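In the two assemblies presented below, chain A is common to both, partnered first by chain B and then by chain C.
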Partner chain A sequence: MKSKGFAKHYYFMLIPGFIWLTLFSIVPMFGIMIAFQSYNPGAGVFGSEFVGLETFRYMFELSDTVNVFFNTIFIAIMKIIGNLIVPLVFALMLNEVRYLRLKRSIQTIVYLPHFLSWVILGGVLLDIFAYGGPINQMLGAFGIDPILFFGREDLFPFLVVGSDVWKEFGFNTIIYLAALTGINPALYEAAGIDGASRLRMLWHVTLPGIRTTAVLLAVLSLGNVLNAGFDQIFNLYNPLVYSTGDIIDTWVYRAGLLNLQYELATAVGLLKSVAGFILISLSYYLAYRFTNYRIF
Partner chain B sequence: MLRSKSLSSKIADVVLIIILVAIAITCILPLWYTLSLSLSSKTAAAAGAVALWPIEFNFNSYQQLLQDSQFFKSFWISIQRVVLGAGLNFIIVPLMAYPLSKTVKDFKGRNVLMWTLIFTMLFNGGLIPLYLTVKAYGLMNSIWALVLVGGAQTIVFNIILTINFFRNLPSSLEEAALVDGAGPWYILTKVFIPLSIPVLATVSLFSIVYHWNEFLYGLIFMTREEFYPLQTYIQQLVVSVDPSTMTEDQYKRLSELSNRTLDAAKIFIAMIPVLVVYPFLQRYFIHGITLGSVKE
Partner chain C sequence: MLRKYLFLLLFVLVLVACSDDDASSKPSDGEETETETSSEPADPFGAYEETLTIAIGQEVDPSDTSLQDGDTPLDNQYTRHVKENLNIEVEHAFTASPSNYDQKVSLAIASNDLPDAMVVGPVELRQLVEADQIADLTEIYENYASPAIKEIIDSSDGVALENVTFDGKMMAIPNSQASADGVHNLWIRKDWLDNLGLEPPKTIEEFKEVARAFVEQDPDGNGQDDTIGLAGPDTSNKLYANFLESTNNLYGFDGIFSALHAYPGYWLEGDDGQPVYGSILPETKEALSVLRDMYSEGLIDPEMGVREDSGESVISGNTGMFFGPFWMPYGPITDAVTNNPEANWQSYALPLDANGEYTPHLSTTTTQFVVVRKDYEHPEAAMKILNNLLANESEFDPSIGGPGYYPLRLVYAPADEMEVTTVALREVLAGTKEPEDFYDMPAYKLLKSDVDTIHEVKLEPYDNMDIEYWDPEANLGQWTRAYSALVGTAPLVDNEINGVMSLIYSQTETMEDRWVNLKKLEDETFLKIIMGTEPLDSFDQFVENWKSQGGEQITEEVAEVVNQ
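Let's turn to the complex of A and B:
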């Protein structure tokens, strides 16, 4: 091969991108030192006094942080379950539709919310579920008193999970639908000749055909156990629902940028980053072991 | 596909289609409602009378919107951010994906660089270190903070998608170019990039949608409203009161007092760019996702 002297060109191609990532991904990582310091903005990250694990000890004494970690995991796990099952059921139903044009129109519509931001959808949802909004008007017609939906701490986590599943289920069907088209049609023909009903075909042909994909998605979702969705909750929550709706990321934002507790916010953020890194690495490893999946 | 055409099967089909269509409708109804609200009169909106159709149809909120110069300033900032962000993404992604799609045999440093890249995707220093870094760079209130910070966090995924695409191109193409005496820059720009339009379109659209929808960096890196991108501007409409001192009654009043028709008009206009690129998005993203991210 004549590609012997190419390596230096390859390095050259990589330089701009690596400079960018160094400045905006790698350099900020050194900021995690703040978690082990009594941070002094004048002295900066390299000049502040080192205090060891003081901040972490303080962190675990706060009832706030324990609650925030619990909320994060609770909301994230419910989202994971919803986002695995609802798209699967929807994809299976869509797969039974034989009018191609109808099928495509439905797909086009259900993918759309994925591409709209939580700022937009948060605004729309708060309006629809507002105290005098259409949902409460409708309930009023049945004689139900208006409910302050996004102001109720018992309802908030479920509204968050429900609206996230609603936003993402369409987009999440894509991978299932791709797996469904990969099933050999001859299997359905053989089952039909054997007299199988549609339900039996679903059970014996369709479901086994997408089992690998479903397992893969379940394993990969492990990496999201600490991601309850900052954008969504930040745009939907308010002080009335902090007890059940405040998550790590929103708490870090308020502690760090509104209350200027830099050390504490960095420490909580660091704990999340490290745990998240371990979880994602584990999920990739398991996905590789079970389904031979590799990200690159 | 061989399937029975019994009566029960036909009834099942009809029920299935009704359910699917109903679910699809829930995905556009909120958007439709926002449009109706923006075209209704203020009194009708405040009374919660608007449901599916505008009440006392008028364009007042859009006329009012035309006088809001900050809305257009923010809109323009978002456009600039999208152009710069997606443009940079389009240049850097193939430049990094091409060398990294080589095997270690052709490019010795490849694996170390690849794992560094993956590390920057999976681990981060958290919000506070990022904020302090950008501040130290002197990028507060600069559009480059929005372009470069957001871009660094999304580009690695785009690079991986493109690497996987490059690896699936027939190797005989590159060999033929090598035989003809082509160098690495020629192969990248004249062989690989023209053949990779589907994946480059996909990652460009991801980048466009990301930069359009992102609001947090506008909030923390811009200290004055005049520098806000559109999503940050809209986010601030919904929560412009001090959230730490809110009672249930205040929260209730907030949803009644705010200018709902004008807000709805702003939200609807902010959706339009995504709705415009959506047909192109849809054409490419299914291909991009199923090909790039999940392969077995």
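Let's turn to the complex of A and C:
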């Protein structure tokens, strides 16, 4: 009895989140119907004509569909890998810095870009990599002809991944640093007494100590494999790099909101949701398998 | 446990039900307040007895700093005028910058949450009609349009009305603009030509030579390799104007395409008399190969297609040539001249085709429409606001609030407005006519102030249009206008224009579903061919894909429309 009464206000605290979820995630789900209709905004979701799988047939006819799915997965996987390894290595290096003030300042500085929105960073990056921008001027000093970085379809995905890792690695570093402080110092002392070098300690104490955190982060990010970062790409891309830089979200945005192709945009979005659902289920299962992490 | 889940489920249901209520309550609002449209006598300029509010969608340019004395986009000379004359209070359902306005309109359509009235383009208009979201304005136009507006619309030979008539009903109020908006002149830094001892290029070959000289021979004499021969389109402009957006394409390659008799984006009459799409013809491939060579030789801005705004390098004095309409002084040229008073931008009807003729593509004169939400109680209010603008436009002072702040602004101009203005200004300058001779031409609404102020900004000799014989600082607003006429429009007055029209300027049914993707295919392929990332022969693949992905069906539909 006592524990039940105790739990009640916890459930009340759930209400704001629950309202949010309902309004923005559950109610809009009825919009899925648009994919099976010849949608007429005047008649609404419930009054439009039903056309079955017609839109999906057209979707698979378009060469774009395969292309944007491939781009999305490619960019997202590269981002996941980059955002796991770079912060990990950086956290390990920062952990070896013994001068505390320096460590703190570096930690804060690399953390800063995380707080800037892509609208701002997009403009900054476009200028830095512009035809007459600082990067090309530096290359020019070595006798390299200027490169139109954001107009090159072969370079674009790597610029996207690189700038995303640069923006976010400070944030992820902090998670690893937190995990590092959780390692029992006695283990280092014991290893020291046994005559282990710094490198040995890293290998046998530090890495196993944060293994769970690393695996958990990796597994959970699997659910994001279909989110390659709308904000970023939207602010950086242009028609020249659509072939390698256009992702599902930007494509759906253009098709649905700019070009009024509601059915097509919804169908592609639905396909993304289904694939995303499978991946999240999978990552949940893997998280449970490897790190015993569970929600239910 | 079970009870808890039931509670949650109930909660969800209540929320869903609430949100449904919200959506369905809107139309009934409209029904309740529907009143008195018919009881009032039809007076195009009549003020309402009780203040009427109209919520509109409005384009607001954030870089426009012309509003003075604490005026806002909602409270300025235009809105006050509308309030005083018509007793209509204007409100904003939404505002958006020029580059985002179309998105905002699309969003309003998709969410079925329309303002009472707004300005839309041909694609959105069709969508709105199909979705049955807007009011039938047939009677409103009959009863409330002012004689001046009717006269201008009638002068378009029915084109304007045709564009807004669906199943015999008039679903929007069309604009009618000067045809000069649809011709893309060649603008050149004449001071650079003079520095290098060159003449304006007549042929494509000469054009290339001038571009090469501009890039390689340091025309601005600053000792740096920083000049661009020909500007290219930025991310918000197109390689060429097309049949759906046939006017006001900035920094495109329109002039080069048309000099080679290629009209991509236009529907033309083929050799067999049937319609054919200009982008898939061999002339277009030929023109693309010329542009491709120019790009690879560095004659075209290497950053074309990636720049946010190609006008910036015009302003900063790095660009030597670009294609654009007569009104470019309203664009970057004002700033270019303010920055560097010697930037002598002149405009030419060049380059010419192989026979020495000027053969640009021409536009339709109707590109924008005012639509009124279905169920809005006072659809005639939109018509009255437009009547009021045309009748009083010369009373407004653009230097204390640009014309774009007028609610629901549509351009009503006789098709030859700019040409007439240019000739009038010349006659006044030459002394063969007096300003008073032009006072009695109300359809040319700005002509009176143009002829009255020309002597303020134009210096002697009156027949030399070089920038040193102008005084922009005397009255920048009037200089912009006069320079657009005497320099920007002059080529259209002095040359014979053997222009090419598109067979249609609106969408057909299949286009609604397929056109966007065909257009994307076209834009990407052409851009890549010009910039050298795809071989020229990918054009042939494009033609095949275009036909098989709906182009053939669309061509048949166009033929049906044209042969009707």
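General remarks:
To be clear about the criterion, the second predicted complex is superposed on the first by the 267 of 296 C-alpha atoms of A that agree within 3 Å, B and C clash if a C-alpha of one lies under 4 Å from a C-alpha of the other, contacts with A are read in each partner's own complex, and residues count from 1 in each chain.
The rule we apply is simple: contacts are C-beta pairs under 8 Å (C-beta built on N, C-alpha and C of every residue); 3 or more make two chains touch, one makes a residue touch a chain.
Fair warning: this is a prediction, and the values are worked out from it, not measured in the lab.
In the superposition on chain A, A:43 makes contact with chain C only, while chain B stays out of contact range. Of the two partner chains placed around the shared chain by superposition, chain B and chain C are both touched by A:27. Of the two partner chains, chain B and chain C are each touched by A:240.
In the superposition on chain A, A:64 contacts chain C only, with no contact to chain B.
By the touch criterion defined above, A:148 reaches both chain B and chain C.
Touched residues of chain A were counted for both chain B and chain C, and B has more of them.
Looking at the shared chain after the overlay, A:87 reaches neither chain B nor chain C. Contacts of A:256 after superposition on the shared chain: both chain B and chain C are touched.
Looking at the shared chain after the overlay, A:19 reaches chain C, while chain B stays out of its contact range. Once the two complexes are laid over each other on the shared chain, residue contacts for A:157 go to neither chain B nor chain C. Taken together, the two structures place residues 11, 18, 23, 26-27, 44, 126, 130-132, 148, 151, 238-240, 256-258, 262 of chain A in contact with chain B in one case and with chain C in the other. Of all residues in chain A, those touching chain B in their complex are 1-3, 6-7, 9-11, 13-14, 16-18, 20-21, 23-32, 34, 44-45, 90, 93-94, 96-99, 102, 105-106, 108-113, 115-128, 130-134, 136-137, 148, 151, 166, 170, 174-175, 178, 185, 188-189, 192-193, 197-198, 212-213, 216, 230-231, 234-235, 238-240, 249, 252-253, 256-258, 262, 265-266, 269-270, 272-274, 276-277, 280-281, 291-296.
Residue ranges on chain C touching chain A, taken from their complex, read 4, 8, 11-12, 15-16, 19, 23, 102-103, 106-107, 109-112, 123-124, 127, 130-133, 226, 235, 302-303, 305-306, 308, 374, 513, 516-517, 520, 523-524, 527-528, 531, 533, 549.
Residue ranges on chain A touching chain C, taken from their complex, read 11, 18-19, 22-23, 26-27, 40-44, 58, 61-62, 64, 126, 130-132, 146, 148, 150-153, 238-240, 242-243, 255-262. Every residue of chain B that touches chain A in the complex is listed here, in rising order: 1-4, 9, 12-13, 16-17, 19-21, 23-28, 30-31, 33-34, 37, 46-48, 50-51, 91-92, 95-96, 98-100, 102, 106-109, 113-114, 116-118, 120, 122-133, 136-137, 148-149, 151-153, 155-156, 159-160, 163-164, 175, 178-179, 181, 183-185, 188, 209, 212-216, 220, 231-232, 234-235, 237-239, 243-246, 248, 251-252, 255-256, 260, 263-264, 267, 270-271, 274, 278, 281-282, 285-286, 289-290, 293-296.
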